[in-house]
Amino acid sequence: MRFQDLKEEVCRVNQELIRAGLATLTWGNASGLDPALGVVAIKPSGVHWTDLTPERMVVLDLETGTVVEGGLKPSSDTATHLHLYRAFAGLGGIVHTHSAYATAFAQAGREIPCLGTTHADHFYGNVPVVRELSPGEVADDYERNTGVAITDTFATRAIHPLHMPAALCPGHGPFVWGASPGTALENAIALEAVAKLALLTLELNPSAMLPAHVLEKHFQRKHGPNAYYGQQAHRETKP
Amino acid sequence: MRFQDLKEEVCRVNQELIRAGLATLTWGNASGLDPALGVVAIKPSGVHWTDLTPERMVVLDLETGTVVEGGLKPSSDTATHLHLYRAFAGLGGIVHTHSAYATAFAQAGREIPCLGTTHADHFYGNVPVVRELSPGEVADDYERNTGVAITDTFATRAIHPLHMPAALCPGHGPFVWGASPGTALENAIALEAVAKLALLTLELNPSAMLPAHVLEKHFQRKHGPNAYYGQQAHRETKP
Amino acid sequence: MRFQDLKEEVCRVNQELIRAGLATLTWGNASGLDPALGVVAIKPSGVHWTDLTPERMVVLDLETGTVVEGGLKPSSDTATHLHLYRAFAGLGGIVHTHSAYATAFAQAGREIPCLGTTHADHFYGNVPVVRELSPGEVADDYERNTGVAITDTFATRAIHPLHMPAALCPGHGPFVWGASPGTALENAIALEAVAKLALLTLELNPSAMLPAHVLEKHFQRKHGPNAYYGQQAHRETKP
Amino acid sequence: MRFQDLKEEVCRVNQELIRAGLATLTWGNASGLDPALGVVAIKPSGVHWTDLTPERMVVLDLETGTVVEGGLKPSSDTATHLHLYRAFAGLGGIVHTHSAYATAFAQAGREIPCLGTTHADHFYGNVPVVRELSPGEVADDYERNTGVAITDTFATRAIHPLHMPAALCPGHGPFVWGASPGTALENAIALEAVAKLALLTLELNPSAMLPAHVLEKHFQRKHGPNAYYGQQAHRETKP
């Protein structure tokens, strides 16, 4: 099987979305990039997770977006994934979910505020809500424009995608990424957890906030040049 | 066994209500219609889900409501199901639950507002609360009148039942339907998920709303004449 | 083994409290009465649920409260159970839990309002909060006085214990009963479900209420002399 | 294997953190002290729970903090654990989690108020939020200073660590302890349960409180000199 490792990891991460409680029915999708081969593997559209197998993953050419392997239609969100891989250097995996708490923030049009070290361990500041799409952007090439809104927002606000591996599309839900599909999945799990923590915290104290020096400390001890969390002495500053 | 396929699917969907966390104890029930044979299979009344077997499903004549097969009493909500099958063309399955978030909206007498694309993928606008029953309608033929209140409300507001496969009975809970028992189950799972999302969203932003053109886009990309979600090119506009 | 059936059912119901998510660690306890033999079987105090066996249940004389079988100390709440069996005719099982939503209402000192048919199917009106204990009643014979506060409150308000098989002890949690240990367990599961529904409903509509004629209809269709829910034509008016 | 019993119990408790729903991904850690040998065993840093084995636990000298056995780096929170063992007499286990409800109180900077007997059974009063760290304390020796803030706060407020086996670090989460790793785990499970109960209770009644004599009664019946909960007649006043 061509692209076997990529297809197996992408299949596994799509299945994990369900097991981790991040996805329901056929909602949500995950993809992975092989940068050496210039191909992206992604979930087929509307297929139930119990029917997912590595063979059923759809492989597309990163640049042209044409299918290079697989007999099924790719996820309807494929154009969003491709745009993000092209625009953000260093991404190896992308996960899109409708997980409850992160999606609630997206539907509310509110950033997920950084209220604690759990958040700071994964996301360097508030998780942004990206700009709305115009009616024209929705009518025409909607899925690619969803990606464009994300990259526009990150450019306008000078947010580094490797320091902030998630974005909330308003009225829709989160896109989350990482250096690999597995890391994107971990970030999606972390995003849902910190969104739940934030909502509960705001119930108890609407003006809660985390001091900036604590955010700095926690992000850097895990992702900075002198990171000391985990078993590797000096981790790369990668999501 | 007569009506074997129908009874097996209806039994399975009744059991799935429990597994999906939509029902507790003996609450909730599912039915299925075989339009060619003109019969409806439904859960027996008050039987614990671990005791459900295809043989124990009760089969009734659609027009007369008389039992044509099965030794147990049908669900106490049978008259509601029969009324809906007769009044709404195109239904093949109906599910009634007391699932927590959808029932909370029903008890609160509030529509489930369409606040995001998760909702728009399944329900074409706010999920309506149907009119209250009068004391006379409750005292006499209560279960059939529950169905009448649903169909009255859809007629009055010109809601298409295949675009809005769910209704909230105030102080009671949701009835959900679809082209088959399995589709009705999926819609019931989706309803509970979007009700939870809506409640969480309203906590974060009481004036949240989804732009109309995004609702239009998402419903149509899954259910419209040019639908492109899933593996079938042109899906029927069926719930 | 003497009292074998009783001990097996009481053991099973204590284990079910954990499986149903109603109890954590060693919190919560269930008992059963054999009215013919005049004995009550109850969980031993502070024993982890994985160590519960029928042999370890403690059997006490209903009138004297002395242990007639079993080598372990009975639950610290035994005196509450015994008082309720003596005061309320028709009880065959009692369950005490610290389940989250019902306990939240008890800690808040608020009745669980009857906001829907799910509630009316099990409880004939609002689930009451019983009176506070005086410091003297807490210091001396605390557990028996917990039961006295329940029976006092039911007497003062003329609440029929077979129509209202649950009470909330303020700052503490619910006691729930039924014609058998299994029925008490079902009522405890129903109580937690309706408490959750009520809290969510109040978030959406603080002035929600259920019309009295709907409460009447639902309680009577399950428990009244002409009950038609379930497989028995005429159920006894028993919890 | 040296320190086998200690390493096995610490490994098991770290795994239980995940099973009990108190930890996600690699968040959270548990340790245990062998006071006779003067050594602490703790989870290795950033290791996934499915990869935890007794052999992978890291054993450190209590006084010097040097690793005496194990090939992996210890948890990044090790200095907090060591400080607490040194400062608080009678501790045999410590658990640190990011469990949702307890962490929400920590992020909100609010004590967990004692609102019911479930709380009073485990914690003698409100669970305190410890003082904030200064920027200097965060920059330099952060993890040890986290422990110092806990012990400072307990000293300032004259809180007995064996009566209050938990503390909330603001913007971070709870540290919980006990006479053994297993007891620390039980206290962490209880803390999360009472935090959830408190949040739900405050939603229903923002001015809820538990009378002082009920708190006294429940703490003493489980932990006082005349304790009568459980199978031991006179328990030690240990957490």
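Brief remarks follow.
Here the chain labels run A, B, C and D in written order, and each chain numbers its own residues starting at 1.
Everything below uses one rule, namely that contacts are C-beta pairs under 8 Å (C-beta built on N, C-alpha and C of every residue); 3 or more make two chains touch, one makes a residue touch a chain.
The structure presented is a predicted model; accordingly, all values stated were derived computationally and were not measured.
If you take subunit B and subunit C together, no chain is in touch with both. Residue numbering at the subunit C/subunit D interface overlaps only partly, since under half of the positions present are found in both copies.
A turn of 90° superposes the CA atoms of subunit A on those of subunit D, with the angle given to the nearest 5. Centres computed as Cα averages put subunit C at a distance of 33 Å from subunit D.
If each chain is reduced to the centroid of its CA atoms, subunit A and subunit C end up 47 Å from each other. The set of subunit B residues touching two or more other chains comprises 203. Chain contact summary for the complex, subunit D toward subunit C: residues 115-118, 121, 186, 189-190, 193, 196-198, 200-201, 203-205, 208, 210-211, 213-214, 217, 221, 228-231. Residue ranges of subunit A in contact with subunit B, taken from their complex: 24-27, 44-47, 72-73, 76, 98, 100-101, 103-110, 132-133, 135, 138-139, 142, 171-173, 199, 202-203.
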